[in-house]
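The same chain A turns up in both complexes below, where it pairs with chain B and then with chain C.
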Partner chain A sequence: MRHLLSTADLSHTQALSILDTAEEMAAVSTREVKKLPTLRGRTVVNLFFEDSTRTRISFEAAAKRLSADVMNFSAKGSSVSKGESLKDTVQTLEAIGADAIVMRHWASGAAAQLAGSGWTDCAVINAGDGTHEHPTQALLDALTLRRGWSAAHGADPRGTDLTGMRVLIVGDILHSRVARSNIWLLRTLGADVGLVAPATLLPVGVEKWPVSVYYSLDEALGSGPEAGPDAIMMLRVQAERMGGAYFPTAAEYTRRWGLTDERLARLAAHRGAAGQRPMILHPGPMNRGVEISAAAADSPMNQVLDQVSHGVSVRMAVLHLLLSSSERNTA
Partner chain B sequence: MTRSPETSHVMSASDMDRALTRIAHEIVESHRGVEGLLLLGIPRRGTILARRLGERLARIDPGFDPSQAIGSLDITLYRDDLRAHGARTPEPTRIPGAGIDGATVVLVDDVLYSGRTVRAALDALQALGRPAVVRLAVLVDRGHRELPIRSDHVGKNLPTSRDERVSVLLDEIDGVARSQEAVVIQRRGGKQSQAGER
Partner chain C sequence: MSDTPTAATLILGARPYGEAPLDVLIRDGRIAALGEAARAQAEQLKAEQPEQVSTVEAEGLIMLPGMVDLHTHLREPGREDAETVETGSRAAARGGFTAVHAMANSSPVADSAGVVEQVHRLGRASGWTEVYPVGAVTVGLAGERLAELGAMAESSAQVRMFSDDGMCVHNPVLMRRALEYVKTVDGFIAQHAQEPLLTEGAQMNEGDVSAILGLPGWPAVAEESIIARDVLLAQHVGSRLHICHVSTAGSVEIIRWAKERGIDVTAEVTPHHLLLTDELVRGYDPVYKVNPPLRTGADVEALRAGLADGTIDIIGTDHAPHPTQAKECEWSAAAMGMTGLETALPVVIKTMINTGLMDWRRFAEVTSIAPARIYRHAHQGRPLELGEPANLILVDAEATQTVDPDGHASKGRNSPFRGMELPGAVRATFLHGHPVVLDGELNTPLAEAAAGAAGSSQVRP
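Let's look at the complex of A and B:
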């Protein structure tokens, strides 16, 4: 592996290798010395053309725990606003001595273009490109799901996948890079994926995706204790989409697709095959009272804070696997 | 398992058994008992040898509790040759019981060669705490040290040339029957060195 651009490119073996490495990285953060010397002397650049707090901070924490040097670059207040091209920006960063570029860009496919351009020898990590993919978010979700799934089955998570797990992804699938990355990765890991969204927020061609589609959350939650999902992933209602007439009002969205107190109670009554409760995931930041009720946000089934700490572990694993690789020298 | 004519056996399963038993006695003797003793195997083969040493220690002194005094210490993230050999998925690090502070840690590995693995293990230990004493037990010491590191307990000192490759074949990893376990030397047939090779 030389770059991480999309979860669709990841094989089952590669995905497990990242998740298993992340398990060991997670152990580091519980120790007295929360730092590894692995990437000493390497430089990681966070190149962000779009606003982000948690992803950038998470990548920064991950690189620093591996002893790499970190440079943060945001397009605002940089030469990009003077009209500098991506090529010139990246070549400048490489001349400064970057070994890896973590890029978030508003254009879908930007990371793949950079990786395939020949402009740079740096390893490229996609930290979100337009509405295309956000692979490290999907990997941290998978790590969270695998922890819960293996704990319910009394197994060590290392080396296991998500075979047989039923996961619902609820919300704006059309614009969500998190949903796309999750669908490909969860399918690779053997989970059954269901999408729940208004018809206006599902992409054209979704019927060809390897998923089941529901237009109502009540229908997807099913009836009876056996019918429910093992995990439910609530996507953020993006305020910037509200004006697009995809759904009438926020209240209408909440009524049909939100995780309300009433639906939380139904979900809490579900028991998985091993007697476990379903998990609730959210990529954050949560809109309390819109896609998720305050009670669901504070429920013990909610994994949001675990997801954040798993994010650091997964990003450490990805940086380690990409930057320690010998392929760079021959490429 | 097929072996080329250039392969020679240097230790049989019973030789390995006897060597481990002797090392176990040496450990108890030099530590004057088993109190505060912690065996940490370096994955993957060191972990298995540490477990086998622990079984013997428990037989020698019933006060030795293998569940509280045997662990593993992965050194992948502390290696100095990651760039040359490429990234590996780290193996688990398991530190039992009360941790390593103040303990007598015995690092266990299969083959001692350049000493770089042990150097990485010492760095990894430092990040976990502060042991009172650190000792090193290896099944085979093949020489050619590149760092000022020595072993305290050795199964067999084996003079080798750098062109040779020493392999410890174990049931749990190599799938050989327990009675067929062995230490073998192979001459390298013009093959370049590979990751994980000793």
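Let's look at the complex of A and C:
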């Protein structure tokens, strides 16, 4: 693996390798000295063309725990806003001595273009490109789901996948890079995936995806304690989708697709095959009162803080696997 | 006429329309003799003025009427970094075009007599091909009020074709008025069919691939709904409508329906829409970004069938050169368009001739005769017969070449066919009898005086 651009490119073996490495990295994070010397002398650049403090500091923490040098390059307040091309920016970073570029970009495909362009020899990690993919988010979600799924079955998570797990993804699928990355990865790991959204927020062509599609969250939650999902992932609803463009009002969205207190109660009554409660995931930041009620946000079923800490472990694993396997700077 | 004796060319052994070989003598801008008589006259001329008669050995080559492109972007005035009338004309000649029609989206827009006369004059000065400016339908292509179509029609450029190409004349009332008004100047409207609200921010064909790539989709219905509306408007007001770059199977169906009802509509397809699909977008290389977008394999099949059965009338290149930096960037920031003049003939051979969908007669029809008829050119798209204007090309259909945009005469390097092996090559292009291309390379341009003589009655009354 030279770059991490998309979860659609990941084989089952590669996905498990990242998740298992992330488990090792998680162990480091619980030690008193949270640092490994693996990437000493290597330079990781966080190149962010879009604001995302959460993702950036997660990558920064991951790189630093592996002893890499980290540079943060934000498009705002840099020469990019004066009209420098992506090509020139990246070549500048390479000349400075970057070994890996972690890129968040507003344009779908920007990471793939960078990796395929010949503009740089750096390893490219996609930290979210437009409405395309956000692979490390999906990997941290998978790590979280696998922890819960294996714990319910009394197994060590390492080496296992998500076969048989039922996961619902609820919200703006059309514009969500998190949803796309999760769908491909969860399917690769053997989970059953259901999408729940108004038809306006599902892409044309979704009927060919390897998922079930529901317009009704109530229908997707099923009836009876055995029928429900093992996990539900609530996506953030962007303010610009409201006001009649994709759905009439935020209130109508909440009534039909929000994880309300009533739906939380139904969810809490579900028991999985091993007797476990369903997990609630959210990529953050949450819109309390819109797609998720305060009670659901604060519920013990909610994994959102575990997701954040798993984010660091997964990003350590990705940096470790991409940079320590590359032979470019070994001489 | 000029004092110097006019050069004559004897073309030996070429096969008109790919049929039986026939020797052809070109003299004074016309086909002066055929067969036995061509050789005899050439001998006689050689005896008198040996230096004035050249011979082209053309055994195995196919002779066709010079191609006519109703859809070319020459970028001048305003974007001379992308293309000029001179470089675009050279590309046209190399591609086998003896006439091109320069779309109005220059800067300033060709929405006045002054700009169309400038483009026309630049074309005549370059002398590699005939250049006809297309006039804008609306001022500044803004879709708000009609440009002075009458002034452009009466100018020295004698504009007959009006288009806001790049933008759709989306206001239905304005489109109706435009269709009516062009009747008074014996012109026609070429519509870029794209409903703007349905394609806001659109980046690629909406479908299976856009769903995965996370690029905002460009639905087929945005094109088809405008075509459906406009054929009905054309019928209602009894005017002539041409549909630019048809790209979907549904559009072909609507045009077929309209023609069956006797509506005066013609349609065009680009070479790239006959060959390429949206699967190519998966790598996010902006060289594949184009308006209308590359569609699906089913659309490609329908377009080929429509061109073969006459539903689609012509090939239009939509040659759209861009400077490198406009394509060397993020997909959503990249410019739309691809070059096409120098690859049109090979792509049509590959998709239509080598597939058995059409013969060389039909090839001549869709690349030359029909576009000339739509514009009502008197001297382009003419039969390869005695006395006809010598706007013609020689094609080696057996040749194959690997497309190398760096070797193109166009300034644009944005060819989606880069590296592709394509059949067929233009060996010679004759413009008013003058070889502007010989042995597959640019020769010399036509002197302006000769162009003036030959093109003096350029539009049929």
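Here is the rule we go by: the second predicted complex is superposed on the first by the 323 of 331 C-alpha atoms of A that agree within 3 Å, B and C clash if a C-alpha of one lies under 4 Å from a C-alpha of the other, contacts with A are read in each partner's own complex, and residues count from 1 in each chain.
Throughout what follows, a residue touches a chain if its C-beta (ideal position, glycine included) is under 8 Å from a C-beta of that chain, and two chains touch if they have at least 3 such contacts.
The structure displayed is predicted, hence computed values, not measured ones.
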**Request:** Report for A:L86: first if it touches chain B alone, second if chain C alone, otherwise both or neither.
**Result:** second
**Message:** Just to be sure I read the superposition right, which of the two partners does A:G205 touch: chain B = first, chain C = second, or both, or neither?
**Reply:** second
**Asked** Touching A:D20 in the superposition: chain B (first), chain C (second), both, neither?
**Response** first
**Asked** Given the touch rule stated above, what does A:T131 touch, chain B (first), chain C (second), both, or neither?
**Response** second
**Complete:** After superposition on chain A, the chain A residues reached by both chain B and chain C are none
**Fill in**
chain A partner, complex, touching residues on chain C are 203, 206-217, 219, 283-285, 325, 328-333
**Residues of chain B that touch chain A when the two form their complex** = 74, 77-78, 82-87, 89-93, 123, 126-129
**Item:** Residues of chain A touching chain C in the complex
**Value:** 8, 85-87, 105-110, 112-113, 116, 129-133, 175, 177, 180, 203-206, 208-209
**Prompt:** In the complex of these two chains, what residues of chain A are touching chain B?
**Reply:** 17, 20-21, 23-24, 27, 31-33, 35-38, 158, 320-327, 329
